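Structures are listed in the sections that come next.
Next, two complexes with subunit A in common: one pairs it with subunit B, the other with subunit C.
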Partner chain A sequence: MGNFFSSMFDRLWGVNREMRILILGLDGAGKTTILYRLQIGEVVTTKPTIGFNVETLVYKNLKLNVWDLGGQTSIRPYWRCYYSNTAAVIFVVDSTDRDRMPTAAHELHLMLREDELQDAALLVFANKQDQPAALSASEVSRELNLVELKDRSWSIVASSATNGDGISEGLDWLIDVVREEQM
Partner chain B sequence: MSTHTYKKFEEADSGILPDKMTIYQDCLNAFNESPVNAKRCRLLISRLLQLLAQGQTFPRTEATALFFAISKLFQHPNDSLRQAVYLAIKELSAVSDDVLMATSSIMKDVQNGSDMIKPNAIRSLTRVLDESTAFSAERLFKSAVVSKHPSISSAALVSSYHLLPVAESTVKRYANETQEAVSDLKTYPYQSGTSEHYPNSTYIAQYHALGLLYLLRKHDKVALMKLVQQFSAGNLLKNQLAQVQLVKLVGSLLQKDPQLVTQFTPLLLSWLSNKYESVQLEDAKLITSLPDRFVSPEIFASAVQTLQGLLTVPRVTTRFAAVRVLNRISMVAPEKIVVCNPELESLINDSNRNVSTYAITSLLKTGTSNNIASLIKTITNFIHEISDDFKIIIIDAVRTMALKFPEEWKSILNFLINVLKQGEGGFEFKNSIVEALFDLVQFVPQSRELAFENLCDFIEDCEYNEILVRILHILGKEGPSMKIPSLYVRHIYNRVVLENSIVRSAAVVALSKFALVKNDPTLVESIEILLRRISNDADDEVRDRATISLEFIESIKSKEGASSSAAEDLLQSKYSYDLVSLESKLSQYMSAKQESFKAPFDSSSVHRYTEDERKAIDLKRKQEQLFSALPSAGKSKRAASSSQDAEKRNGSYAGPASNEVDQDLQSTKFVEELESIEELKSLGPIINTSKEVPLTETEAEFVVSGVKHLFKNHVVLQFHITNTLTDVALDNVSVGCTMEQEDSTALQETSTIPVDRIMPSETFACYVVYEKSEEVVTEGFLNTLYFTTRELDATTHEPFAGDEGFQDEYEIDSLFLTAGDYIKGSFVGNFSACFDELPHSEVAVYNIKENISLQEVVDKLVVNTSCLTLDNTQFAPTDSNSHTLKLFGKSVLNGARVALVVRMIKSSKGIALKGEIRSDDANLCNDVVDGLI
Partner chain C sequence: MEKMLKKFIQNATRVAPKISKKGELFELRNGLVSQYPQTRKDAIKKTIQQMTLGKDVSSLFPDILKNIATSDVEQKKLVYLYVMNYAETHPELCILAVNTFVSDAQDTNPLIRCMAIRTMSMIRVDKILEYVEIPLRKTLQDDNPYVRKTAVICVAKLFALNKELCQELGVLEDLISALEDSNPMVVANAIAALSDIYEADESVVPLPKLIQSHVSQFLLALNECTEWARIIILGALAEYTAKDSLEAQEIIDRVTPHLQHVNAAVVLASIKVVIKNLPQVQANTESPIFSKLSSALVSLMSTPPEMQYVALRNIRIVLEKYPHILSRELRIFYVKFNDPLYVKLEKIDTLVRLVDPSNLKQCTLLLAELKEYAMEFEPEFVSRAILALSQLGVKYSEPKFITKVLEIIIELCNTRDSFQDDCLVAMCNLLRHAGPDQEGMVTQVCSLAEAWSSVENLLQTDYAKCNYIWLLGQFPQKFNNVERKLQASIDSFTQEESLTQMSLLISVVKLHSILPGSMLQNLLELATTSTDEVDVRDMAIMYWRCLSVESSHDGLINELCNSSLPEIATTLDTFSPELLETLLRELSLLSSVYFKPVSTMTKPKSSSGNHLKGKQLDELQFMAQDEILKNMNEDNLLDFDNDWPAASNSNYKSEAQGSTVDYLNDIFGLSSPAPPVENSMADLSLNKKDEKQKSSNTQDLLDLF
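Presenting the complex of A and B:
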């Protein structure tokens, strides 16, 4: 049975079909932590990413090609070099970092204006919810001005990369949207 | 490069390389594809690398696009693709700063990648790191260095060499691990298993680790001593290169402090019988290049014996290396390798021509006046069998021999003439023979007649324009002063009749010089007739030259004072310009603003040399060439002279002795420096500039050296100060000088010029100016360096704001203004005749109690008197206890000649020295005697 379905998906999606996903966000937001929680299901110790990490993972029978780009100011200008053919963007926000919410909002809207990303779905993780000082998902949504977004499938999910809350919930939504759009 | 060879280069490239733009497009398309086709991408990268390796470049935007496309290949886990990606990143790192974007991905591979790609990843990592990111890689390097896998460890160690200039402190932090890597014997993990892909480990990581340790500790003598002690013990170093490295390490220690020889003697002796030939060689090379007095004759002999043994081994590279070392020794101490003559003689027929050539040249040097004739005979038979390159080496050896045994000029001349006239051989070879002949006629005047006669013969049938022109030039230059000048006129005129216009023009110039021959009016007349005939030549240049020469001759004959002597000067000039300064003055003139062209170029400020001075410089250059041919021996012998300064600056430990050309360049540089200083402009032209003398140890915190410049009425002391500290700047740096003769009134200090700030590892000069009377003044200056130290903020590299600094002073060695500073070395063809004719004479006797060698006394005398050594007396024989040194020079103030004959005898009590000084100028005589030692 299982075999039958997966081969049916293969046929539907094309055998070697891969989905390209970018994880973006300011430095220290938790992007790398999320990437490896997705890949190996554990919290790894991270160093600030100089450049990017790329991993291929299979999620719900789907091959995901996930790019985690560094968020430091010096690296942000290079994000655009990796935009082409992107199906979805995961934007990670450190919900405890109130001071830099405007910066995060600015970078987010700047990125979404790019031609190459017009068709990409957007998932925002309001991350670090395990911290007491964290803003709620709706507060983060307001800070980021998400309601302004037109013509785009988007969602915001409260998450914690350290204890895993919200991560698969967010990703499930993303996969569904992308699959729908592409079918 | 001739047009011929240039074309060849072009052809080599065309057609074979793939098209650049096609590759570029293919790369972008394939690398951005998803999913990645690993095989195709790898192929494309190899094409790209081929392009880059051929020196092709991409504009910045394209290089950047390429890099980002390549970085996308990190998504593919294929190891062999990854290796190719790393190679490409390494290449692109040179053109694009964006490679930093690969940092995290590379680090991940260094940490978790397979053993196959780890070494590649490590090597790329060093290319993308900068000072700020290096520290985050420290742990990675640390664990790679201690990795049990030899390739990984080696990659990390070798990469660290490249990291050193970027982030020294990071590398220093794993010095302990590096030390561990020396003693750790790493083998490939699957060695005992079934895989045959891994070779046996050679323990090469030992070599890499030892090399890195040396770089980290090279300034710390004690640490280096410890290293040697630790790694020479037992059988710790398995790797051959590591052992060689250890020998070199000892070599660098001995270079700085030859006293250590006694301590290292057992080690040096044991290496002579090491199981590796390369270790034996390196050791023998080291021993034979140490200063004489530190090496006992026994050890030296053992080293020579080892080399002798290596001359007969099967491995040709070893024979070559051994004979090369022997060849070096043969240049300064031929008597020490005479024992090897039987082996050397049998090597003449060695199947490898490099080996046989060196064997011959060594034999030529060990030759004595007794066997020169027979050696010449051997090479006459031999020289036809070898290629031009080797012929040239041999001609060079013969040439030095000509300078060494002037009395053997006849057989040498015959040999040279023979090989010159025999048909075979290309231009370079023939030219080298002519070069040797020119040397001979220049420095061995007795040989001129015969040499010119043969050269005249030779030009009757010579296929090379360049050589013809050179010979015509020398005939014109020297011919008029020969016994029968008319002999040469016919040969020169023949050229006008028979050759092309280039040669004809040269012949016209040569001919015209014969019009200057005094007391032979018929000759002058026939020259005029000939020139007049040439004035109808078909070629413009030839005609013009003939016409203008006739014009000159006319005005000489009219004997109108100034214009006549000017014409004479134009026909046969008595001086030549210092080319280095002429060039720099001219380019200054050309690059200055338009208005400077209003005034004609002023050649009076360019230094000029008379014929004798030119010869002196030439001879000196040739003598120095002997030294530079043997790097370390020459250097240690010249310890007292200028050659050291250059080395001190660049801190290398095996640089050759600086030669006279550098000296010229240096004084020109000084002149420019001084001219650019407002306060010194009024002093007029520099009359003489001394060599640079070190005034501190080279390891001192502040390395200072001094130079003396003489002006007509002033002396300027120039002090070069190098700040070797890493975290302190020096502000308001000046040197205070006190005169030894405190009450002397001959010198008056008029001003000092300080330096505002010297940052770490910078060098600047400050000056002290004295007014002086016009005659020779000698003086000693006691010097102190004054400065304010300002600590530097490690992040900004600026002094901390508000830090006032700390005033300090630092005593440096004294600088002496001696009689030698008023003398310039000069050449004289017949020294003894000149010595006898000089009117004033002084004699001085000294007893030197210090334990120094005759050679060191010779060097010291040369430096103190600034004279040129003549008659091959610049080397003290090592097999005798006595030596006679002949020196000659001229006063820079009035041109008075000074000639010295210094006899010295070495005994157990020291060195007894008797110097006889003769001069045109009695005062100079006195001054030189006083400042001799």
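Presenting the complex of A and C:
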């Protein structure tokens, strides 16, 4: 019974409420690296994610429930299991991976068509900008056909998970949008 | 702004977790993906609650799985519990848990490390096993003994699920080095795991060598492990031959305390180990170990009937090796009125076997007891009791005692309807043992049989008819009109079964000098042309030959007809020495119930079971998509009932139930007609019953004449 009242209290006052954010993108894009840079502020060594990582972090007084899903072809079909109640999606692109830009674009638009994500804000990280061969943010934006997006708050930010460039900038934007949407 | 207001109101009013029209599963799913941690946890608890009530909540799998990554240990436990339960119905979704399993196996909390490795090696999903290597290696080397103890068991589990992978990873070597672990519980579990693996495949671990080099560890481990691990270790020890009498004595001493365990399986396994080592220590029958074995066997008789049955079958084997072991415990095996029939029958068998034939008082007691059984109502039980009476008479062997037994049987024959078959067989067995000199007995039996008006209708079984005809052939002077009696049987020759046919043939040949020649001629013709029984035909042809050369070799046929019979020494069946040794080594196994060595039973294919296990990735993907789509459409339990996983589940269950029933029927012979108890004990010996039916019939007959 105690639990029941405490969860009722939580709901009434919006205390302890968590904002769900998904980090998606093809394998090797840098999702896990970004998640842990957000969480502990460091670069961790990663292995391909078979399944997911989830971390709760407080950013600007907002409790975020950040889900980093594996990007391998075999795991992508399960992304949709995680769509419900999602406030925002962070889509990470490896800007050096020119060959797979069309695949990334395809997966992105496929995901955005889902009913459950109609209200979700979108932040794209054009990641790995520290690499010389990286495409610029606007080039990535064109490859991904972002201008086509209607009725959605979205933004693209050039980033590097390894040296931290652009990460907080992107997240600041996202939090502002989400806070407004949620009230 | 309007949108924001709407959301606020929505959130505020959805406070109470009321059950909506959409149903429970829908509510649970909403709770599981809630933005509020406490609500999620509540929903997990409710889901587990439903699961333990037996409701199928497997469709919540993906949503439950989302809650596996948490720092809340209680919540993690619940999710693991759920995942273990339903992994097999959702193998494709399990892959989503891999990352969490792997990181949990490195958690700072040893409990979580255990949980992760245990779950990973238990789930029958190939895709998961692919990732088990690193966590398994790490936990095998863990600082915490609790974790190591869990990890060594996981090696055996992995072996059972995927032998090749287990060998590839080389964790079997880790398992062997765990025998040197500083913690006795780890050693115990490692031994249990090794024994388990050895049982599945003897070629992968050199268990006998390991036991030899670690005997004391093995023996010490018995005190440190769970009872199931203990059974496994004892099983391994029973396979091991001690290098000298000292070691054998040490093994016996260490195992003896476990003879008093409450778990009957532990007791039987301990008995097996002790018996294995007894020959090497040359214990005499007075040695205290025998009284310990005896009280262990007796303790098994205070278990539920199913286990008593298993115990009795095992006792039967032990008694053959050590006939005196239970001779002071006769009363324990007396039949109780509420014993199930299958226990009653086994008990009677045991009673006759364990009674000491040099102890008149005991034999007299048992005689009185058996007489009471023969007055009961269950026909099978009564038949068995009558047979036991004759077995007891033969076993005690003294003429006065046999006379007493015979009187009881004659009385039963006269007072109880429909047991004439059993009584006749029992009486004939007694006569065969007592020999023809016992005029009095012969007269008693023959005048009883003489008084029967229509024997053809009275006697039902082949075996009883065969005995009746034997009586005619053996003691013709005791009957009036033997010729007419035999003629009646010849008239129905073609309808009779093989024992009766054979018996008739032998009796008529034996009496050919006092019977009309046409009768003999007629029977020989019938027996060579109108029967399918090869033995009968061969015998008839042989006699015919003998008779046709009679003029020149007059002595031959007379010799055949007048030779005196050997006395039968026992009517209890025995195992061959090799079979007995094998069965003693396999006490407490299924083979001890069937009296068939494990090697003669076909082993089921090792990788049976989960049909989902070996699915290809693309197939799994397809299933996953299917599954997710379906889950989206199911909103309540009613819909859910029509859903395929549920349906296939219930199919599976009913199949499983069916097979359990079959299995039980097999054990207790319920579905198939039970072997007729009134047959001689030799016929009951299970090992040759089926294949050798024919030849054993002949053997019986040769014994008869």
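For the reader, a short list of remarks on this structure follows.
Please note the rule applied: the second predicted complex is superposed on the first by the 170 of 183 C-alpha atoms of A that agree within 3 Å, B and C clash if a C-alpha of one lies under 4 Å from a C-alpha of the other, contacts with A are read in each partner's own complex, and residues count from 1 in each chain.
The rule is simple: a residue touches a chain if its C-beta (ideal position, glycine included) is under 8 Å from a C-beta of that chain, and two chains touch if they have at least 3 such contacts.
Keep in mind it's a predicted model, so treat the numbers as computed, not measured.
Within the superposed three-chain model, A:Phe52 lies in touch with subunit B and with subunit C [touch as defined at top]. Shared-chain residue A:Glu18: touches subunit B and subunit C both.
In the superposition on chain A, A:Ser84 contacts both subunit B and subunit C. Considering which of subunit B and subunit C touches more of subunit A, the answer is C. Residues 16, 18, 20, 49-54, 65, 70, 75, 78, 81-82, 84-85 of subunit A are contacted both by subunit B in one complex and by subunit C in the other. Those residues of subunit A lying in contact with subunit C across their complex are 3-4, 6-8, 10-12, 14, 16-20, 49-54, 65, 70, 74-75, 77-78, 80-82, 84-85, 181-183. Contacts from subunit A toward subunit B in the complex involve residues 16, 18, 20, 47, 49-54, 56, 65, 67, 70, 75, 78, 81-82, 84-85.
Of all residues in subunit B, only 32, 34-35, 68, 71-72, 74-75, 77, 98, 100-105, 107-108, 133, 136 touch subunit A in the complex they form. Residues 4, 7-8, 11-12, 14-17, 33-39, 41-42, 62-63, 66, 69, 93, 95-100, 102-103, 131, 617, 621, 624-625, 628 of subunit C are the ones that touch subunit A when the two sit in their complex.
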